[in-house]
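Paired with chain B in one complex and with chain C in the other, chain A is shared by the two complexes that follow.
Then we have the complex of A and B:
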């Protein structure tokens, strides 16, 4: 038995912890301490800003105070003359553009000829200390010629000139897509009830506690090392090679443990490239640490999304067709935006059976900090709209919203209308558990005025099916080195952002090799030393690095087995690995220690090292746009929120949330619980208070780029969370595991909105659900108007012709149909 | 162009039990002095404006935001940082329970939470959940949703009182 470092000695006592072959698991499924927990609780974890090198300089970026302007001139002479300043650079020093997606290479390390939002960097300085760098930054003079500012989706689709970027669909439309799966008219004709609703989801930001920081060192070997708080060291590596014009082999990117990411550290950032260039020029290490205000400008957070959803249902709630339109306010740059746009239309079909589906999505450029991926990437917004609309449909049909959902779940092992392949599907169990646990049947529509419950469900991907840049290589690689003294080293490009990915690697390898996870050294996120893992995004790490680690460990185990079997004269199949021993299961006394097994294997085969890698299965969708949405597996969640609404003040208090999450299998239940609770917390913030808002009449300046004014839940706002884990092992997950980092956030916002309706009978079709909005809806109700607060319509735009795909049920093959009228 | 021509301030105080002297630019905050002039990197920062609680340390046993206190004002005081919580006897019970229960996810807010929790338990060895929430309400954590932090404080408090306490099964595995 591996020593459980958890001093509480929690054990599964249900005797139910076995793998698919019935083998008892020793590590997987147990609440071990994280391998890096001790360092984190003693202040020894080295975050990027904790790195100090001799002769290190400090960098500051001068950021634009104009939202949209042409740079007429930049005068850096005063800054350069300041004693203690070693370098000053501007856009012309780094002219090569970059961007996370190959289709949106629209950023520059420093703006070249134009600024696009307040906070866009135009120049940078390196000086001997932070104060001098700050002073020098303020001595740089920039002359701007103002351009018209585009502040909203509505303006962006109306105003073609000036264009914020000279690429995209024309005017200020970055991307528009139109996909149609099956005959919508026929679907709506079959419906007994059709509803059309409009929703708005305000943008919000990640707010990681750690501000972004990076240290670059261009050393005497003419090689560059960058330590940075990033979720995607591999993509940063590529961006550096491109923008600095250097060989990638001469660049080393080390991702430092992230003090929170949530998607906000997934883009390559201008400050990362800038410190590298400053170090190259000065030949000294250069550090940059962003202020909290600058972190708000980096953003890449949740897109504000305006949505129109038309859904047809039968009397029993079966969906016959869904027509979904989304408008995304992208901010000033592309970032992940094209993917975000597709994601707003991708996952509607994996929770309930949606036989016919149409998606229209448009992303606009505006002069605000760029939006990108935040926990749930592009899916919380449509999920909010869809789940609130289902609540309205259930009410009209006089059905219980839980029963209605349960009846029409998407079947497991099926392919959806938009060609997403569902494997395991535990949503039904999630719903049943929260319904029972919350006493839903006795509460829904039965609580006194001011109290209410609401239900919502969701699903999320376990890793994007396709990489960000096209290639046929694995998404994740693991190297394992076995030491003749019994030590094991795991090397993997993945980065721990707090979710516990380093620990997951150790647990899985320890399980296979029968050793203690704390015997393992985990070395991650260093492009010189670790094989590529694409990064900590899209909830991909447990499944993908987990499978790669499993493969590497099984290969090592095989080598050891051959050598030990020879020594013990037993068949290989008889060997078991456990308790740091390799032994004959039939005669457990006969065996060797793990270290002896490595010695035997090394004597026979030479140095013992193995590799493992993971590539997701191919998706059945072959049409253009089919790249976003496919995943090796989907996680599922169901939540019920119980609220108290003060009708005098409009104040909503969420008292508790019951949440069921289909995890496939918990590699470590304690860490799963932490992710669920953290997801509910972040969802609560989005539901009630978090918003990125700008002064429209003051040049789109951020209203409150500070932690005090950007409201996020403290201990006093956080609700109780009652979690139910559904373990419905997925064949594609390591030991059956699916994701938990993002999914449990998704149902929280619509569950709260539905609970507010149950409490006071008004619909707030918009998040955050602030007291003002609740009061406005209550007042409308009192005046006999529609008891609702929310948007009333969407802009009229010309959509591109639909790309039509026959659904699997219609006999489709996943390819686009020829562009002729097929359904007449 | 300030401090290079000016004299550095020079103070003596006690940090984690050690008497120390340090010289620094006089406008620096205690946070900056600890991190930049003493290389005590365990104290973190999330805003440097007194908004997040990440930089909390104990001064004469009371939690303060080190980003809002001038280094000069630490003269003669006893400052405890996260580096001082572990002793030769081992981890502080709070550090043990934070590590065991996953109360530190990214770990960035953790030093601040641990020190504020330590102050709480010194004053109230058996705090209620509400008292814990109240005491920690000035510390933001974006990862945990706070629940594992409450549980870790409760478990550590019980152990420090010598009381028997087991974490409920549902805190680890969820409800049935």
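Then we have the complex of A and C:
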């Protein structure tokens, strides 16, 4: 059995484990277990579906089997008459639209007059048990009037009528953007070599082990509680208040531990609103647990993206200009799609120096489950294209792809052409680690036919610089309560989706207060009890909640220090917090226990509670569209994949991945490595097999909404992984920490594609890289055609006029240049 | 998804089991491990009202004999026991090898050899839940009247998807079928019918009780399987090849069976003919592989593109026969 040989894979960049002031760290940087590990491992964790309340009802949603149709009529009478059915609702019962982004309020809890994809819900029932609900659901009669179905990007840009939505850019184009930073013509004129390539990245889905589930209880005080498997309880809270027409203060959302999220539980969902309404009507608790098939319909996964990239380089590989076009197949609703569109054009500039840059992006509506954010949100697709194109450029320039990248890294502490502020930048070290670890120099272009290595790099944000709805409040808040018996409680709105965010809070507070992380009770993701954190998305949690926790803990320490210093008659600055004690560093036996310190502080100041919060720094970009991409810090990754390609069957086996990740600092290196490996694993699935595909000639029905036929690797398909953590503390991260939840996925797909080329000399310019595509490319090569499989072009569309911004190097101020009307 | 309501009967003997089935009539269904039936019932692909459990019948869990005498395997023997049984591993290694490629260890612990031989045919228009199938207005195999794989077809094209079936045909196995009125032995080859709905020449009331593997007598066999994930996928092309080589090194008899591409296992006689009469050499192996390629006509109803599955017949047969040659 293939296993991850990581026992000795962990390589620290330096042996040093001290904070910025040189103080030894006791908790941060140590491989503590997660605070919720034992409950998870022993089955004690209560997920949403484990919740059972007295008199609870079960809900089912009737979903459309038409991909695009007008609802002519819905007859619920038979369902209502079925014994055991307590409520049946349809779209007219919940008419207020919602959506995660303020600019895309295009969803209804139940479709009102039109269905837009197979799986769109049209009615819901609550019954005494699931069997009755299921039976009742099938008694509901819906009459549809079919509309033409839009199944692809190409169709969407060609077919203006019928429109799937009556908002957007016109026709079935949801969003189109055009940004230009610097003089592209000048850039391409300076280039020694210009390449234009077209790539396609197929859509795929999150596939969390836990299906979405929710339990609502509308109680006798007209207060509503919703337990739900969500990554964004705060946004769900807002959506419930809006769609139910209730005061937010009367609604409590408790996010239950997520059995995997990966971005798939980041939207407010129709089933969450529906169970609330069913509970309001029946005054009984109502539960819904989606089937696996329904999870495929919720989707919000990776957008299929068609890309055209034109890049100019000097002989030494220095990029002179890049022109990037992306076309996103958005599916039936907006979801995060506007942000996804911008993300396909945002982070190209933060890895290598790109002095001039243009981005054109278009998102189309189609009659398929809506796409949204999946691990890497909008950035794996462009990263795939960019990194494969760089591999082609390096070959044409006769340069080593690793050397070429190393030579032209974006500098640390700089602002990119599109106004992203880079802080710490450890990509060079990541590349050096994997090049050395993999013996790249002796393998690349040197292995026998069928064996190959490929390199790719990437970067990801550590939290979105802006919230989803416009406001000036913190992105994350922490409340800390200290008990006179020595207990510490952390309250934070963040939700642990398995990444370890609850543990991070405990580690950071334990470090500051000198106690054991397991002395701390972490209370999270309950809108009644915890201050707002925006949610587990955009790799924001460690950095933002970490900074908020750090501030709250430092404030608590200050109170304790004053009280203890007074008692011990020592200067405050002499006090140290460690081993559950507060003591004089010059005289370590003089001190008090942590609990005594709390007693002293409580005696002096009253009940001890502190708060901390975090707001990201402002971005230097001021132009329209500058909101997507800025982040307090960027993580970096470099990966080398070694593959075996069976030229007779086309099967690609990834044998090993070496991956270097610039984490800034590991709060817990074991959890960091777990995330790196998880990213590699998910990346392998995207690289080799996963695809959300639909039968265009059969009603755009999802081809195989099941865990058996939607092919995703198992542990047996997993390769060996060697992980190198590069720790170059970032000034904006708590203890210097940056993200790891999403970034390490990004280099995997292009590294595999580049390795396949190294192995058998053919380019597969799309993912997944299936055996069929490898064989097709090999056959093309054998016939003397281009040794490639991939898309050949992009649709011709009319782009809006470019919004032009002078780059920082050109003396720009981050604002858009005034549009000059040209008259001829 | 939840199971529909049904009666569950637990007979103590084979005789009682077939009696219960006689009483239940067409709404009855035998179950052993349940790894195929129960998921299908949850999706309403199969809708028996009476389920008769034969998985724990002692009579069906015995293995007797060896390669010299032939082997009798009870239909209720778990696939894990097939994989691990010392006599099977020694005398019929290809059977253990093929069984080992079935699904996952956990499912092999539950699944039985009998159940595997009777596995429902598969199709990705059919192996879907009720709502999905309703969305395409169902299909010929269940609740509908069109075969979406070949809309003009009167026949169902669901695919024979057991790994053991092609191998049983290649090794010349027989099975015993028992009902209240009679008992009969049927060759594995004769058990299967090239129709995705009526895929067995077995009456519903007949219970498959045991499998007879013939004495080895110089036969050696091998099984190769195409699937996307080695961890647990069904075959979308299976190649079972068996040869009997004489003292002079010449192939005396050969059978090459393709599974996973049609409603029934497909015997490629042209491939066997290419092999018989001379030692296995590259040219004959290539001829056999070519014959299989010509005969393989999969349709678009499983994982992998159908043209790819057809194309793979060549290298998979080639590799199967090369492995047999190496074993000589």
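Observations
Just so we're on the same page, the second predicted complex is superposed on the first by the 805 of 824 C-alpha atoms of A that agree within 3 Å, B and C clash if a C-alpha of one lies under 4 Å from a C-alpha of the other, contacts with A are read in each partner's own complex, and residues count from 1 in each chain.
Methods note: a residue touches a chain if its C-beta (ideal position, glycine included) is under 8 Å from a C-beta of that chain, and two chains touch if they have at least 3 such contacts.
Model, not experiment: these values are computed from the prediction.
In the superposition on chain A, A:291 contacts both chain B and chain C. Of the two partner chains placed by superposition, only chain B is touched by A:673; chain C is not.
Of the two partner chains placed by the overlay, only chain B lies in contact with A:499; chain C stays clear of it.
In the superposition on chain A, contact of A:775 is made with chain C only, not with chain B. When the two complexes are overlaid on their common chain A, residue A:817 makes contact with neither chain B nor chain C. By the touch criterion defined above, A:481 lies against neither chain B nor chain C after alignment on the C-alpha atoms of chain A. Once the two complexes are laid over each other on the shared chain, residue contacts for A:207 go to chain B alone; chain C is not touched. Once chain A of one complex is fitted onto chain A of the other, the partner contacts of A:699 are limited to chain C, with no touch recorded for chain B. Of the two partner chains placed by superposition, only chain B is touched by A:31; chain C is not. Set side by side, chain B and chain C differ in how many residues of chain A they touch, and the one touching more is B.
Taken together, the two complexes place residues 131, 291, 706, 708, 714-716 of chain A in contact with chain B and also with chain C.
Against chain A, in their complex, chain B makes its touches with residues 1-4, 25, 35, 39, 41-49, 51-52, 54, 81-83, 85-86, 91, 95-96, 98-102, 104-111, 114, 132-134, 136-148, 150, 155, 166-167, 169-176. Partner chain B is touched in their complex by these residues of chain A: 6-8, 10, 12, 31, 33-34, 36-47, 49-50, 52, 82-84, 131-132, 135, 206-211, 257-262, 291-292, 433, 437, 497-500, 666, 669-674, 676-682, 706-708, 712, 714-716, 718, 721-725.
Residue ranges on chain C touching chain A, taken from their complex, read 1-2, 5, 124, 127-132, 134-136, 148, 226, 228-233, 303-305, 308, 311-312, 315.
By the touch rule above, chain A contacts chain C in their complex via residues 63, 65, 118, 130-131, 134, 138, 291, 293, 648-650, 689, 698-699, 701-706, 708-709, 711, 713-717, 771-772, 775.
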